[in-house]
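Take a look at the structure set out below.
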């Protein structure tokens, strides 16, 4: 079973179980964003978490192996088209240089890791329209001189 | 004076004054990320904030007009090359679909606005290596049916 | 049933029923452009509208779920090739900067939303050749300072 | 004087005169969108309109020749980056196929001309947020068989 | 039956009948270039011509519907690779600007329509090597001012 | 003097002399399309024609050398943007495969040369709108087997 | 049978017969490079050569028709990736301008035809490492003035 | 002096001296193609050859250093546009796979080097039109297993 | 059996046998990186090594032929997306010019061969985080003058 | 002084001083590859190293500030063209997937850092042709689950 088939199996099971990512996250004791990314095939799970996840969603154990396998991460479009994802791309385009300057002023020459990295989504209710709160947390890696 | 010349003038003045983005943000009573984006020419400032900014950095008043002008936002590279900015692009590629699913499950069919949008940068000190905390806050816009 | 299969089912049913988009729009009490976009898989319908639509076109109820699902919007060609669609792209290329200036002069620094957005098509009969009237109506979103 | 220099001259004169596109449109008896497009170098003006325009904005008569010259229309980015213009591009991507179907159902096999074409911008005041009304009006051109 | 299947059916029938495009053009009373483009799926035929065409080539009547359907025109390669088609692309690249100037000098600011357009191919016999005569005939469309 | 400077010089002289491409073509006894292409720097002229051309337009003799030099042909945009030139590109996209089939049926496996090639532009007056007649004439080159 | 199926059939037959391109070239009295290109579907064969080729390789006669059919030449990658083919591409990039100058100095303004064109491959044994000798022979085509 | 300035200097000197590449090649005892490539900045010369070349063309000795410098080889267009160079690119596209097969059958798995590589141009006079003979000679490099 | 099917067969067999690349490398007496590249279809094996490899992994002998076949090397993405591979691409982008200068200073004008080339991977244990040691070893090829 | 001007200054000084990267590396007590990358503007130096470097090369102290500034890393070509750099790109294309598998088998799911990263170049003398030894050493970063 490859990551694509795994993803279809898991998303179908999730729909059948009528569980949200929050529900599943709680059940396997991981963050909902990470759980979703693992089900989408963009992260690998430990044997233990994979087993718990399959158990929670009631899928057969061969899905476990697919969850544990190391993914090859790829995306279809260099410039994303779906408006939800494009807006994130636009933020990187518009604010990329700004963020580099603000972060490097605070931390020195280096980058925010996208590997040693976590992310959360929250909902802020607001009578003028609810707001999405997206929190990214990445280790700062200074460039090495040698 | 166009946005590019304005940017050079403001960044040079900032270096001369040895002020950080935090310092300037406090002086003009705005967030450091927004202030940096305005100085980089990616956002327009109100007349009042622009005046305060020029005053703080000790630049001539013709810079004010450039700060107030509405920018045409653009970036050089469809796929960014600088490692700092590329990591943000990679996050969008790797987690874009995941975020769309997690957010739309919570909010319904729609997007997080990149216009009615704010962003903050914080430093979390950590003995295993400091961490960058990036917080994005955007209004949720539901798709309209008509 | 995914959006693609849904689309084939609905377009085939529409041909069988010999109904126009205007007819269908009236039957489900929505605008013909929106109805068409939902059938093409580019917008999600509410449970109620989806049910009415399936009823009107005489398709089975599993199509309802596909209509209600939140789409991932995508298009094949960064630069469209079909002459009908290319002409719209050309209008954006030729008049994009002009429209930005005219609208921002009237409304301030911001954008016309493509999410809180409606569109209509009308036919203006004219002895020298009928004319297409395309009306777009989008909420103005001012850029936030923070 | 080429179109680029003409554009800088005219936009500077407009700023100096503190006239809006509406004001200038009225003064030369043309639509504000068309006037803006001519000043941006994307349409040619008749000798008479060009002269009136230069007179209105108080620029020298050599600008007239540049306004009358036939432009080579071009835009910098196949996929626009500025959020205002990108939203229009997104509308073409998301709704292009839908519009083709709706229009061709009403008019037959053919296109909406982008040459025999006019466009207007209006502001609809709305307590929940003002709205941009964009009206495009193009001659329908049926494909020829031969 | 979609345009692709239609095309395979019609080209196979043409081979079976050993008819040239000239023969078919005569049989249906249309130009050979147009007939070929309709069979390739790049133009729609009237009900009457489609019926005559199917009759001439001895294919079943469901092909008629496919011929009558309005095509979505597309081509595989932004820059064509087959040497025959590339040479045409090269002509556009080498002579595009020249033709724009020569035509606009004769006709005013506008374009040659590719919609209200016909094309013929002729063979000029020549002892030094036969020559291809390609004749394009398109309506001139002047840009509208408004 | 390179081809670009030569082009500016010749187009300015042409404007000053108020001569059309037809006028210049007659004066140097060559076709107006070819003359225009040589002035645009897309073809080289013989010493004799170059001298006559400079004489006709009243430019200094160093332009002659630039006209005689062999050009490196190039164009800015793989997909042209100006609507006049784009329509020609669209014709190649829409009809390329059709023309290949029609021509190769008449001539055998090979191409129409874009080197041993001539082109003319004519105006057909028509009360319903004048028409552009574009005639291309290229030597047929059969593929060699060896 | 299309060119792709033909190619698989012919390459499989060649492997079965354990014949080299030299062997096959001799058997059908054509050059090995041309024979290979015809089997790869990049050139059409005459009826006679096609028949001899099918006979030599012991394949059924329907392959003959595919060999005789006029190919649409295409390649997958604008910039080739396989190191063997990339090196040829690199030679064109590094030496293209040089070759243009050297050839045009010798022959006048024009090109080397890729249609009226032959090519041979030879092996030069050398104790320091054998060498590939690639010989291209194309008709010079002078640009036409008209 | 960089390679670009060097190139302009050398080509101007060559024109002034009215020497052909053959003449210069003979004078410096190198092949005309290599000499041209060195003057175009695509190969470095030894100190001795560079000095002889400058002497032959009567240019100052600072050009010597530029000739000796190791070039960064680059070309403007991934897909060349000038018809002369495009035809070479087309040969690689059309015959690349064929050549790979023919050469690897003769030599084993490996490539023809584009570094340990020489090239010659010859003119074959022919009453039906002269022919260009292009000879490439590259060391065969077998892939290493380890 | 083509290279793709071969790859699936070999990777599945490797998983079944629970052998690492090091284990397999030892068993067939080749380097683990080379063995992996051959199993991925990016290098051809000698008859002898291929047989040993099939024997080691317990796959049928038709896989041997696929291993011996000369591959056409290709990769999906001009700019890789998986973070592991992208980091290597980034190293080439950031350090490419630097390496060219350092190597050419040491060796003269030329390149490091990617054909006569070997590569090893080692693990350096480190309490602050293990390190990957990647060693590339390529023959230096000097550019030829001729 | 920006990084580009700094680079020209430092490379000119290096040529004047006739020092190799090895010499400079020893003088400032850093690795030659890192020193070269800092002079090319691809890494920032500490205040101390920058001062020593300027001292060693005899350039003025304003170069120090440019060396200390944090660079924006960028490269001109998504696919490099110079043969030296292309070969490195080819290695990533041909062996990228292989290396990912070999490394992840040894280390787990993660990447080799290109930030916490060092690189060395060595020359291995060999009578059959000297060899380039390129050693990359990057920290392994495991993907985080959260």
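Miscellaneous remarks
By letter and in written order, the chains are A, B, C, D, E, F, G, H, I and J; residue numbering begins at 1 in each of them.
As a working rule, a residue touches a chain if its C-beta (ideal position, glycine included) is under 8 Å from a C-beta of that chain, and two chains touch if they have at least 3 such contacts.
Because the structure is a prediction, the values reported are computed rather than measured.
Fitting subunit C to subunit D on CA positions gives a rotation angle of 180°, reported to the nearest 5.
Repeated interface, listed pairs C-D, D-F or D-E, reference E-G: D-F, with more than half of the contact pairs matching by residue number. Inter-chain spacing, taken between the CA centroids of subunit G and subunit H, is 23 Å. Centre-to-centre separation between subunit B and subunit E, using Cα means, comes to 51 Å.
Each chain gets one centre point, the mean of its Cα atoms, and the points for subunit A and subunit F are 56 Å apart. Between the Cα centres of subunit F and subunit G there is a gap of 32 Å.
Of all residues in subunit C, those touching 2 or more other chains are 72-73, 75, 78-79, 81-83, 90, 93-94, 97, 100, 104, 110-111, 113-117, 141, listed in ascending order.
Working note: touching chain pairs come out as A-B, A-C, A-D, A-I, A-J, B-C, B-D, B-I, B-J, C-D, C-E, C-F, D-E, D-F, E-F, E-G, E-H, F-G, F-H, G-H, G-I, G-J, H-I, H-J, I-J. Residue ranges of subunit F in contact with subunit E, taken from their complex: 20-21, 32-33, 36-37, 40, 42, 73, 75, 78-80, 82-85, 87-107, 110-114, 116-117, 119, 121, 123-124, 126, 128-141. By the touch criterion given at the top, residues 30-31, 34, 38, 43-46, 49, 70-72, 97, 100, 104, 109-111, 113, 115-118, 141-146 of subunit I touch subunit H in their complex. Taken in their complex, subunit H has these residues touching subunit J: 72-75, 78, 114-115.
Residues of subunit A touching subunit C in their complex: 76-77, 79, 81-83. Subunit H meets subunit E in the complex at residues 79, 81, 83, 86, 90, 93-94.
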